[in-house]
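Submitted below is the structure of interest, expressed as structure tokens.
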């Protein structure tokens, strides 16, 4: 596993108008690891993920202090192209969000946005992305049917393929398996393990079990603060902080 | 890339200002043509003058103001109770079959062009009034009747929306306290929805004051202050519509001046309605 | 004793309300029935294909159909881009702010301006000031101003129904605002926008006051955008008021009603399907 720091978050505070959602976050994400951020609802996990690809810019009243570095570059640097950033850091949301178009057009949406128009090239990209998302075999015969007809698990893998088509470096997954049945969940988790070889992944899991199944390192979030981090096995079996232990053992949810 | 986005945003901003620009243009040009004449004749003489005889340079629009007033009042007297009743009907008392008929009816009433209303009024209503009630038939009474039906869709749709927007607890609460259905409606729901209903009335008024073609065809052409509902009359709108075809010079400017007064009245009514409905929603 | 009064009141109220509903339906039927009864027999193919002769006493209404058609197309041509553009700006490029409030106020006020005022404006601005004369162009541009508020509000409603997730997805895949609007939002809002346009068409066809003052009333076939023309509704009005031919008036009126009603029925059906039908 590479020891380079892919993402460095330093002294990061985030506010929605006057409400503080993240407090003094210091976190390093290493390349090619699966890092899981877990914790009870409303603890800031989604906010942190959306800050990484600056989707929070869309929200009126969003403010932040502190820095986030991607490969050493400040992502809030005005020189940095926002669209480039979002292609390098892709995000999958908790509910599958296929666009109302065909499977092919969904996956090709991102590349088309970045200017690729050659039909042949798009076909290659789409196939490669669908293969990486472990969806190709299931949809190769119906690439031009509506993506809304796929099952929940397939749609979610489609969302993953959509991002992979842009050849990003980091994947952000916000509870990607909520609303999916166990079989679909298992297939997504399997896909993530495959993807780790090429990408850096940050995952907010649906439950702790998923985190322990899939991730390398973990970080516990509570009320907008990062309580502790460490290798997954250590955090879940011998947590250093009492609050972490209480959450894991179910004393609060 | 960034520059392209900025330019596109500015273009959209410009486009978005088109409606207010048009409004400003309308105000500017109408005022530019009409105001000089109002100053020339004198605002008091213009608005309160009782004689409109363009060939002699008399430009008093009081008869038209009175005409507009009476026609609109008559239309409201007919349209508001009828409209409220239909709104209540649609909201509270509908056997599904009935609303399936009434709703399309109202949509159709809204879609019928005003010249058709005017024509029907001319062919059917005017002779009726003339034969049974006397007078020339082309009268404020006939005009009010038609106008009342023309503003029905406005009153019904906004009143119905207001009634539907009420929390169900209002009605349920009233019924639980022992009110009859009608009492719940009349004493609880209608008062609660009153700002929406008032808005609908104001908008209906605006529509009535602004109606031209049907009124030209039904009201006759009398340029004196009406004294009874059976008299013919002119409104501010018909004044313009009838004479614009052949007016020139001062006469034409006087018609624009009539437009200025009309514009003012409508703007006040509109702003009132907008203000009321913003308060309701916001 | 008091109990019985309450229920008596309710019964009376119920009867009155039923009477109101029924009389509304009755009047509508009377109006349509009268005109269609006298007018339908006159509608035959020649009526639609022949142009008016002898000031409209004979012949058909072909040139007025062309006039109506031409005017509506010009109006849509100008109003649709402006209206849709305004809606896109209000929903995608700005939040509720001073600017959006001003724009909405302008739009709402414009919607309330009477058609005769539009006629006066169109006359002094397009016909005289811009020297376009009484023409399809003058009339169409005036109509465009009249239907603009309708298109803006229906387009806005249509755009509102697009789920937020489409935007989020498009932005997160590196889309710019313009790309997101053009590829994720607009294509899906088109049915609703189209509905607004059809509604406006229905309104334009029935419009008379503004058209008479800006497009003229020539019965001749137009040969350019600068030719004056007479629309069906203007023709109907002139026939009726000048007493030229009751028969022709009825026929024109019937044609007008059928046209407007069918367009409005389609529009209302679309409206219920694409715009009001939201969870």
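Chains here go by letter, A, B and C, matching the order in which they are written, and residues are numbered from 1 within each.
We adopt the following convention: a residue touches a chain if its C-beta (ideal position, glycine included) is under 8 Å from a C-beta of that chain, and two chains touch if they have at least 3 such contacts.
Everything quoted here is computed from the prediction, not taken from an experiment.
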Work out the mean Cα position per chain and let me know which chain is farthest from chain C. A
Measuring from CA centroids, which chain ends up nearest the centre of the complete protein set? C
Roughly how far is chain B from chain C, centre to centre by C-alpha average, rounded to an integer in Å? 17
Can you work out the whole-Å distance between the CA centroids of chain A and chain C? 49
Chain A-chain B separation of Cα centroids, rounded to whole Å: 57
What are the residue numbers in chain A that touch two or more other chains? 83
Can you pull out the residues of chain B that are in contact with at least two other chains? 1
For chain C, give me the residues that contact two or more of the other chains. 176
Residue ranges of chain C in contact with chain A within the complex: 95, 165-176, 179, 183-184, 188
Residues of chain B defined as touching chain C within the complex: 1, 4-5, 8-9, 11-13, 15-23, 25-26, 29-30, 32-33, 81-82, 85-86, 88-89, 93, 98, 101-102, 104-109, 111-120, 122-124, 149, 152, 180-183, 186, 203, 206, 209-213, 216-217, 237, 240-241, 244-245, 255-256, 259, 262-263, 266-267, 269-271, 273-274
Residues on chain A engaged by chain C in the complex (per definition of touch): 53, 55, 58, 60, 83-84, 86-87, 90-91, 93, 95, 97, 99-100, 109-110, 112-114, 159, 162-163, 166
In their complex, what parts of chain C are in touch with chain B? 6-7, 9-10, 13-14, 16-18, 20-21, 23-25, 27-28, 30-32, 34-35, 81-82, 85-86, 88-90, 93, 99, 102-103, 105-110, 112-121, 123-125, 129, 145, 148-149, 152, 176-178, 202, 205-209, 212-213, 233, 236-237, 240-241, 249, 253, 256-257, 260-261, 264, 268
